[in-house]
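Each of the next two complexes has chain A plus one other chain: chain B in the first, chain C in the second.
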Partner chain A sequence: MDGAALLGTPKPAPRAGAVVRPKRQGTSAWPLIDRIGYWLCWATGIALCLIVLWIVVYMMIKGIGYLRPALFVEHPAASLQQSKSGGFLDPIEGTLIITAIGTLIAAPTGIGIAVWLSEYARPAPLARAVESAVDVIAGVPSVVLAIFGLLVFSESFLGFLSEHAANGTVYGRSFFAAGIVMALLALPLIVGSTREALSQVPDRVREASYALGKSRASTIRCVLLPSIRPDVASGIALGMGRIIGDTAIITILLGQTLTTQAVGGTPVLGLLRGTGSTLTSYVFYNSPAGEGNSPQKAYAAAFVLLVIVLLLNALVTALTGGRRLDRLGIGARLSLIGRSFPWIP
Partner chain B sequence: MRRRTGHTEDKRAERTLGALAVALLLLIGGMIVTVFVNAWPSFSSNGLSWFGPGGDVDTQLRAMQESTPLPGHSIEYFRAWPLIWGTLLTTVLAVVLALFVSTLAAVFLTEFAPQPVRRILEPVIRLLAGVPSVVYGLIGILALAPFINHHWISTSRKQSVAYVVQLNGADLTTATVILAVMITPIMVALIAGALASVPLPWREGSAALGVNRWRTIVRVSLRTARPAIVAATVLATARALGEAIMLAMVAGGRGFAANPLDGLTFLFEPVRPLAATIVQEQEGLSIAPLAHTIYAIAAVLLVSAALLSFAGWAAKQPLKRYGIRA
Partner chain C sequence: MDSLMPPPVRRISVDREPSVIPAPAVSENDSRGAVQPSARRLLTRSDPAVVRERMRIESVWLAYGENWVVRDVTLPVRQGEVLALIGASGSGKTTLLRSLNRLTEVTAGGARAGRITLDGQEIHELEVNHLRRRVSMVFQQPNPFPMSIYDNVAYALAEQRPPRGRRRRRTPALEAAVEDALRRAGLYDEVAGDLTRSAQRLSGGQQQRLCIARALAAEPEVLLLDEPCSALDPISTATIEELIVGLRESVAIVIVTHNLQQAFRVADHVAFMHLGELVEYGSSEQVFDRPSQQRTRDYISGAFG
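The block that comes next holds the complex of A and B.
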């Protein structure tokens, strides 16, 4: 510590709760190895910033360079010539549909499970089992979820959710199938943030509500859930981010047709039973690893994808609120958006 | 509407929500059972040698896809070692790389970074975590792989192994670097969280004894946060293990057990991790033997992921003893 600061004028008392940082002390007096460590820290921090800067700038240059307004309104077409392979209207629609299905299923389910886990959780062993089931979903690679989903949706009794082949086999790949499995992917994030928020609600709020003669169920519905709305919303936004960014489930469960292919004549239902693509599978298809191999389209679509993710990121920050964000721990703050962060309580 | 008494309503709410939770539990249980049931034919016909080396794994997968058994073997014949080895290599190398980077970054973030720098670095790390894996894969295959191919792999190096495998930049190094970038944010978040919650008096005590800041961090903060570092490593391993799309794009997709005895060339040899194999072979899910093999791979991933999740949870327990939530 700085000797002068210790002996000399007393420092004003820090605000309660504020992090007290000792006055920066020169590193010149440190042993060489300590100084190396110090500079390595700086180097890593700056390197991380540079990597992100490079990713964003690279994607921007490549993405904007190949982005044409026409891409947003043209249907994709299979062609080896990049000028003829159309735009990504269908993938954008696909992303919207999948996100909508996934969120619509995951949000009520996730909130329900979280409420049960925090407010009821009886019998206790069952609650613990459910808790670990949520952890298992959070930890399972999405490819595994995807091929499990394919098994389930190929069952004949679920044939109404996808295409029936003439010989009676069920195709098992459709917007329904992909959307429902995506809901599993988003579930842990929604459960996690709802539970975290519920545990922050002071007990006196619940007691006040009980004292007014409200039942537990109506306390949850009318008092608890409205009070944690922003946290639930940010959990849902996180889940949406994860759904939008996932590729494995789409390539396996959405059938890998470039354009949206409806099944049968029913307007909405037929579409949802049909196959299609999303932005992620479009990028995969057009990357050198996929069959399309038209990097320009891949760059343009990836840029759009990145912008969507950035917007969602901003949305989560806005929902969590700048001031409240500062009160969160650094780990929670960092974990606000991320695909594998439900592990962090 | 008739007013129900609070009690009945309460019971109904509890039952409904409980049923939802139980349904989830059953679904997950069902998933584990289904995957194993479908994987069983592959395991039972190969025995424990499933995990061992033996022949070219790409050829075995192709044989299953074409439903023509390899001469002298059953149709289910499969030796996963090259894939397992590829998974181990990419995962371990990436986690080791990310461990160094993220520990330093977490220390920087919590201890050294001035406020303005921290305000930049936090969103940067969050952004790094938010980039979809397919975008990482795209950057890897279109930017990093060609770069490594042109600048790092000499023609003579390519020729030295040309009769076994082609080196084209989509390789172990590319996969490892990108994977490390992908798992760094998780690790930084966990480690920084733990570092930030080390009780201030402990650090002050060290400083009061005349220990400089760096030593205080190493001897007090990092030591206290050690369980969190272990947990971060374990959880990042689970993440790296399950990464499929990015690795399917950049790792080379060749079931080749990269050989460390090849010297530096080893780093430029293609690999084929387990999860990536599932994505690449998914067309074959309608062909029974290949589907069994794919489900067997999925079962291995499922078990490893579950074990790692549990290990991560267990590793974090000592922190609770200090009353640190991380």
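The block that comes next holds the complex of A and C.
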């Protein structure tokens, strides 16, 4: 249409001096109770920032002081002398393996459960049951999950997931066992954030897709899931954080061997059936409460743990991206990550 | 039922500001009031040679749960002309429209009695996704998918197995079909520069035309429009109205509108519904100039609604 002709040429903008901008509104006119509330909100926010900053800075000072390149390449060794107890190569490995197993299991199942709950949920009693099951898992302490896991993975029919003793007893402790139970830990977080995001998608988006003759499944796959990707990503990041940080499951289900002990000769499978440790169990072991009792190693490992968590969060957020990343491919996203950490060459 | 109505509040011509220039398009907010003699019909009479019946609504009752919202409506839907459904809020016109591609089934408790046929076939016996490809719909709120302009249309074109990933495969045939759909919706020239732009960055009017392009992409036989202009400004409205009239020979069009001027401008036939019942059906000249029912007369003169 002739929209431009109808609207005509725009007038020139006013002088800069003539522009009135809204002033920030003060709270002086508010009732006292609201002002107190406002300042409390403000103060708690600042306090939280300070606490986080304190943790990071403290761990950095403590950790960097004891951090040596050798720690990253040496295997840990059982010794009460800090100079002889080696590095934490194996715990780092263990943390990465456990996180990978847990996330690889929890992410697809969690997304699947969330999609079923929010898009299908028939029959209704089953949906309610699934819903409360997720809630129960979210509420169960991880140490209870770990004990339960030990019980289950010691069953002989699950023997292929861990080591057999000579008399046929199943050991029940392995990367598989710990990783699978870890997935339970991450699951509720992923289900929760995916469901929440799906419920935020207005029904008219679904109807628009149905009206084009699209099935429910293809609507979910092509329209709903791509549009909630950032929320799913943050759910996965939360879940990963939970997995990396958990100690109870590692202590009980990963066998508490200082170094990674593979079972049998099969390269990958043998490793996953084997036992080992992670950074959390390493920190615990080396803390004054543990057997190793070498606090310097504990501080250094704790710092590395913190850095890994922060990096993973940044990586997941950047890879799966907010809206501004919508049109970028994986390559562009990776370079963007590079640019957000300029100190990494 | 009339006794339950509040006393008619008529607009008295003295209160009306004298209009000096006949407005090219009347804004949505001003839709109440009588149809002005100055309102211009966008179309000449439809060509009887191309008019043929595509859908038939026969004694249809529609309910949500126990609540019957459409009562015994019989209407023909013809290709080659535009059918407008008018009536107050809650008169059941949107529900009737949604029943034509079985979207009422998506709402829990949706139920129907009576027959709706597409080319003589009961629509309930057709596969639902296949039916919706033949009877497509555009909604009141522009609702492009959160993807690029190109992908929005390509998604509609793809069969049940759409290409994987964010970057859809661009075959020449697909690109031509997307371009054709965008052209038919009168959007192509405005967006041709960058089809990979996010559809959600378009203006409201462009978004709605994208939705029309999307609906047209699969070559539907019937196009349902649910107040397609009520969220748009007069200029976008005029664009879309011209588009609707231009499309009527290739696709049967049913439009629900609250805007009587719009119904008068675009429709060949008008059906006036009230409280779920079809009060009057006829050519738009007949319904607007010589309504046979008192309720129609009251509604189009702005006495209630």
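Quick note on the criterion: the second predicted complex is superposed on the first by the 255 of 345 C-alpha atoms of A that agree within 3 Å, B and C clash if a C-alpha of one lies under 4 Å from a C-alpha of the other, contacts with A are read in each partner's own complex, and residues count from 1 in each chain.
The rule is simple: a residue touches a chain if its C-beta (ideal position, glycine included) is under 8 Å from a C-beta of that chain, and two chains touch if they have at least 3 such contacts.
All of these numbers come straight from a predicted model, not from anything done at the bench.
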Which partner does A:E207 contact after superposing on A: first (chain B), second (chain C), both, neither? second
Partner chain in contact with A:D34 - chain B first, chain C second, else both or neither: first
Which of the two, chain B or chain C, is in touch with more residues of chain A? B
Would you check which partner chain A:P226 touches, where first means chain B only, second means chain C only, and both and neither mean what they say? second
Could you tell me if A:A133 is touching chain B, chain C, both of them or neither one (first, second, both, neither)? first
Check the residue A:S215 against both partner chains and state whether it touches chain B (first), chain C (second), both, or neither. both
Using the superposition on A, tell me which residues of chain A are in contact with chain B and, in the other complex, with chain C. 1, 213-215, 218, 329
Interface residues, chain A side, partner chain B - complex: 1, 19-20, 22, 25, 27, 29-30, 34-35, 37-38, 40-45, 47-49, 51-52, 55-56, 58-59, 109, 112-113, 115-117, 120, 122, 126-127, 129-130, 133-145, 147-148, 150-152, 184, 187, 213-218, 220, 241, 244-248, 251-252, 280, 283-284, 287-289, 295, 298-299, 302, 305-306, 309-310, 312-313, 317, 329-341, 343-345
Under the definition above, what is the set of chain B residues touching chain A in their complex? 6-7, 9-10, 12-14, 16-18, 20-22, 24-25, 27-29, 31, 34-35, 38, 101, 104-105, 107-113, 117, 120-135, 137-139, 141-143, 181, 184-186, 188-190, 192-194, 196-197, 200, 207-208, 210, 212-215, 218, 235, 238-239, 241-245, 248-250, 253, 275, 278-279, 282, 285, 294-295, 298, 301-302, 305-306, 308-309, 312-313, 325-326
Interfacial residue positions of chain A with respect to chain C in the complex: 1, 3, 6, 202, 204-215, 218, 221-223, 226-227, 326-327, 329
Name, in rising order, each residue of chain C that touches chain A in their complex. 24, 101, 103, 106, 129-134, 136-137, 139, 141, 143, 145-148, 155-156, 160, 162, 166-167, 196, 198, 211, 214-215, 218, 224, 235, 238-239, 242
